[in-house]
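First up is the structure itself, then whatever we jot down about it.
Chain nomenclature is as follows: A, B and C, assigned in order of appearance, with residue numbering initiated at 1 for each chain independently.
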Amino acid sequence: MPLSPSDISRIANLARLELSLPESERMLTQLNSFFDIVQQMRAVDTAGIEPLPHPFATIGEVALRLRADVASEPDQRSANQRSAPAVEDGLFLVPKVIE
Amino acid sequence: MSTLTETSPATEARPPVLVRGYEVVIGFETHAQLSTRSKIFSRASTAFGAAPNTQACAVDLALPGTLPVMNRGAVERAIEFGLALGAHIAERSVFARKNYFYPDLPKGYQISQFEIPVVQGGQVGFFLDGARRSVRLVRAHLEEDAGKSLHEDFAGQSGIDLNRAGTPLLEIVTEPDMRSSAEAVAYARELHKIVTWIGICDGNMQEGSFRCDANVSVRKPGAPLGTRREIKNLNSFKFMQQAIDFEVQWQIDQIEDGHAIQQATVLFNPDTGETRAMRTKEDAADYRYFPDPDLPPLVIARSWVEEVRAGMAELPRVMAQRFVADYGLPDYDADTLTQNQSLAAYFEAAAKACGHPKLASNWVMGEVSRRLNAGDMRASAAPVTAAMLARLIQRIADGTISNNAARQVFDALWNTPDQDVDAVIEALGLRQMNDSGALEKIIDEVIAANAKSVDEFRQGKDKAFNALVGMVMKASKGKANPQQAGDMLRRKLAG
Amino acid sequence: MSLSTTELHDLSLTGLLTHLRQREVSATEVASHFLARAQDHEHLGAYLARDPAVTLEQAGAADRRLAAGTPGALEGAPLAHKDIFVTRDFPSTAGSRMLAGYRSPFDATVVQRLAGAGAVTLGKLSCDEFAMGSSNENAAIAPIGQTVPVSVRNPWNTDHIPGGSSGASAAAVAARLMPASTGTDTGGSIRQPASFCGITGIKPTYGRASRYGMVAFASSLDQAGPMARSAEDCALLLSHMCGPDLDRDSTSLDIPAEDFRAQLGQSLDGLRIGVPREFLGDGVAPDVRSAIEAALAEYEKLGARRVEISLPRTELSIPVYYIIAPAEASSNLSRFDGVKFGHRAPEFKDLQDMYRKTRAQGFGDEVKRRIMIGTYVLSHGYYDAYYLQAQKIRRMLSDDFQQAFRSCDVIAGPVAPTVAWKIGEKSDDPLANYLADIFTLPASLAGLPGMSLPAGFGANDLPVGLQLIGNYLQEAQLLNVAHRFQQATDFHTRKPQGF
């Protein structure tokens, strides 16, 4: 089931990727040849099979570990913001968010 | 998720409440911030009011290489919630990523629960205009809160504070069971009471600890469900009602004008009293949920659930039922007295101490509550302790003072702390006259001086009797026991 | 090996550590030697970052501990980290413009553990951008010595790729720029470059090594591992890289750290080596096939028994992996939005435009492709048919391995269908790159430990690696199976010309 140009623009929008027209066209071709090899996968009968939540679950139950409710992280704002593109008064600045 | 159902939950039969001929259908989604010390997936503090981004650690900021680790306290609170509402606690639930881009969402996805939430089902019961109501829950799930955007002061830019990012939330979703804004608010109040009672949420709505979204639609009775619009972030009960009322009118206006309702997210503006649709975003609904590969499934052993159950305080509904059964209180009283643990404990202590539960209930619901609200304090901090109230009630019951006098005593006790009930009664000279000789004398004088009223009474006018009692009270400077005076007066008039 | 007759860079890691402990050479001398060597071989394009002051300070601290008689197990060991691991002392780019100049406030757990044992960091090594690639042609950051991004070169034949995504980690070890390095393996990114560069590398069982501090590509597949010139060296390093990280990584297995050298030297008598028939089909180039067959014959001489097995869904591993990995990656890479760290577009109209331009500028073509694939297979209406289906087949693939392990102890076969191809040969054909992963993907999907060891040479005198796959937690056995081969052969000791 091949992708169309509108699929490409919908996905690029969901992924917040700006693609030029040549890029979009190239992407369409590449993705379509990729999805050709995926077709055989779709035909496999997987009735009754549960997806694998963690590879180790093949041989045993893997459950989420829980940690104690302790607030132990110190304030490391300046180290954390060292690589920030735009900061003022400790806040990350972004173009205005319109609700 | 929720299968839209036409049938209402089991409640007392009621006539539909129509607005301009339309039935209103409301469902709620409430986000309650859980009262853990640290965040749901990191060890940063959740304390309110810190300087921006001083409580946003590497995990909260989604720095490259960071990973989530689950907070046991958040899970425990979810279990407590489920138990409080009689819901099913899933033995195995899954965390999923909800993917979308927003500056206050550092990872570009929110860790939430999608197909398999931790709490399933359950219901919230409450009273509306004296009738029992019940709203069914679809589910409650754990997820992380986003940060905050600040829009002032930055010249065309917004400032992002991620302190709140990662605070644990319980998202509580109802079936669309509510049929009026009043019912919706009553539900919200009850839910608020429960989460604060059991201590999983501090309920501070100004600080954003308890945020409600109302899904509102209208339809002609018998018609299929209408398209709903979602009013987001209602953080006061007053605004909740206003917003829903406005939205209902707006939707009806639209329909009557021939316009179809478009699904939308709307915000309520408290200044204008209006709801307005947010800018619609295409693809807003494609969150591409998938199980988070960084978090194995959450397994909750039945033994843990039982452990939590054993450690929980008596729930408000259970306590209310006990008050009805053990103290013979009406449902309304029991419901009001169990609005918070502090008040309920106060009442029960007073009731046990004085042995007059109904009187205790009246006083707690009346004088005590009024002053607590005015002073914005918990019952446990009241200057008139439960023991003192109990003593006061005993003095009414044993005839030492009248009700009116008791109010004065209460006033004095409240305003000047650490006083003794009996001492205040004496100091204010409020001891009722119990000397029947003196009383008889006053009654004789009043009868003699009010022949007209006496005649009217004998002709069957009860009002005349009350006037006579009033005059006896006045002549005794309020110290007569009205009950006693009335009895004696009746006997004398009967001849 | 005596130091007087052997160059420092020709020593194994184990040998070097012995000399260091015996105070025959200092950590500072060692570090300086390798820093100079790095400068001499900049044409390989391996290093993205070095900081001699930092390295020498670490070496000095190592020398102090050696002098005090309190050396760690890896005291003074010079190694470099794939730039997927974040480090406080060096920039961390993951090979991407998106993270050019990024300084992490914390070290990856694996980096911390190795440093804690006394290792000295020489610098950060190039990789395919965000670990996405099989050739190390996709790095978007210029290596030291170059002004523009270039492909890393295979020291055996510098017109050829070293493999990927841990291409530089392999090339650097093969060229003896360091005795060992760290790499990461998601779909074969340690095993394949190890094979192409004639060195030894191992990906442990999923969950053995902490992922905290590894820039995430595909969360359910990523694993850290060592790359060195012998199984013995790998075993030593792996022991220090692995271990529970319960406080920081929820997928980390709560299984105690092990000394993976414990079985080295044990006899292979009676060892059943399973060879999947799907791994030696028509798709394998003749030079690779003959090297593998010769290696298997060698194993039979060592007492092992060859057993034919089947992994019937081998071919399906390609679509399954290339749906699951991009799906997870598309989500993991959403954090790169120009808000908190990393690149932000210099010009934009509004917030959405900022996102779109930032990500268009910050990500290279392969990364964009995988984000697109991943976003698509998770999107509304496609999730069941693609992502969910792939995860179900993944379980079936995993079960196939368990079935196979009933009749064998270890699985063997080629790492890749061919030897390293020429730089540029497949760079316009992403699909061709994906298809070449066919033999490494299955073990990745199942989360099984897998390794590559040199087994010979093929076309253009390029190395051929033998892949070994073990059952869960069987790294010690796996490493011994490799070690015994290395005791009987000398492929792993060969050195490319000019190094």
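The definition used in the following text is that a residue touches a chain if its C-beta (ideal position, glycine included) is under 8 Å from a C-beta of that chain, and two chains touch if they have at least 3 such contacts.
Worth saying up front: this structure is predicted, and the values here are computed from it rather than measured.
Set side by side, the interfaces A-C and A-B show unequal numbers of C-beta pairs in contact, with more at A-C. Averaging the CA coordinates per chain and comparing them to the mean over all protein CA atoms picks out A as nearest.
Distance between chain centres (mean CA atoms), chain B to chain C: 58 Å.
Separating the CA-averaged centres of chain A and chain C is a span of 23 Å. A separation of 40 Å divides the Cα centre of chain A from that of chain B. Of all residues in chain A, those that touch two or more other chains are 10, 14, 16, 51, 54, 64-65, 67, 76, 80-81, 86, 92, 94-98. Each of residues 102, 105, 220, 247, 250-251, 337, 339-341, 351, 355, 375, 379 in chain C touches at least two other chains. Shared interface positions of chain B, i.e. residues touching 2 or more other chains, are given as 58, 61, 63, 69-70, 101, 103, 160, 162, 286, 288, 293, 295-296. Across the complex, chain B is touched by residues 10, 13-14, 16, 51, 53-54, 57, 61-73, 75-77, 80-81, 86, 88-99 of chain A. By the touch criterion given at the top, residues 85-86, 92, 94, 99, 102, 104-106, 108, 211-216, 218-220, 247-251, 327-328, 331, 333-337, 339-341, 351, 355, 375, 378-380, 383, 387 of chain C touch chain B in their complex.
For chain B in complex with chain C, the residues that touch the partner chain are 58, 61-70, 97, 99, 101, 103, 106-109, 160, 162, 285-286, 288-290, 293-296. Listed in rising order, the residues of chain B touching chain A in the complex are 36-38, 42-47, 51-58, 61, 63, 69-75, 94-95, 101-104, 149-151, 154, 156-162, 267, 278-279, 282-283, 286, 288, 291, 293, 295-299.
Only residues 3, 7-8, 10-12, 14-19, 23, 27, 30-31, 33-34, 37-38, 40-42, 44, 46, 49-52, 54-56, 58-59, 64-65, 67, 76, 79-86, 92, 94-98 of chain A touch chain C when the two sit together in their complex.
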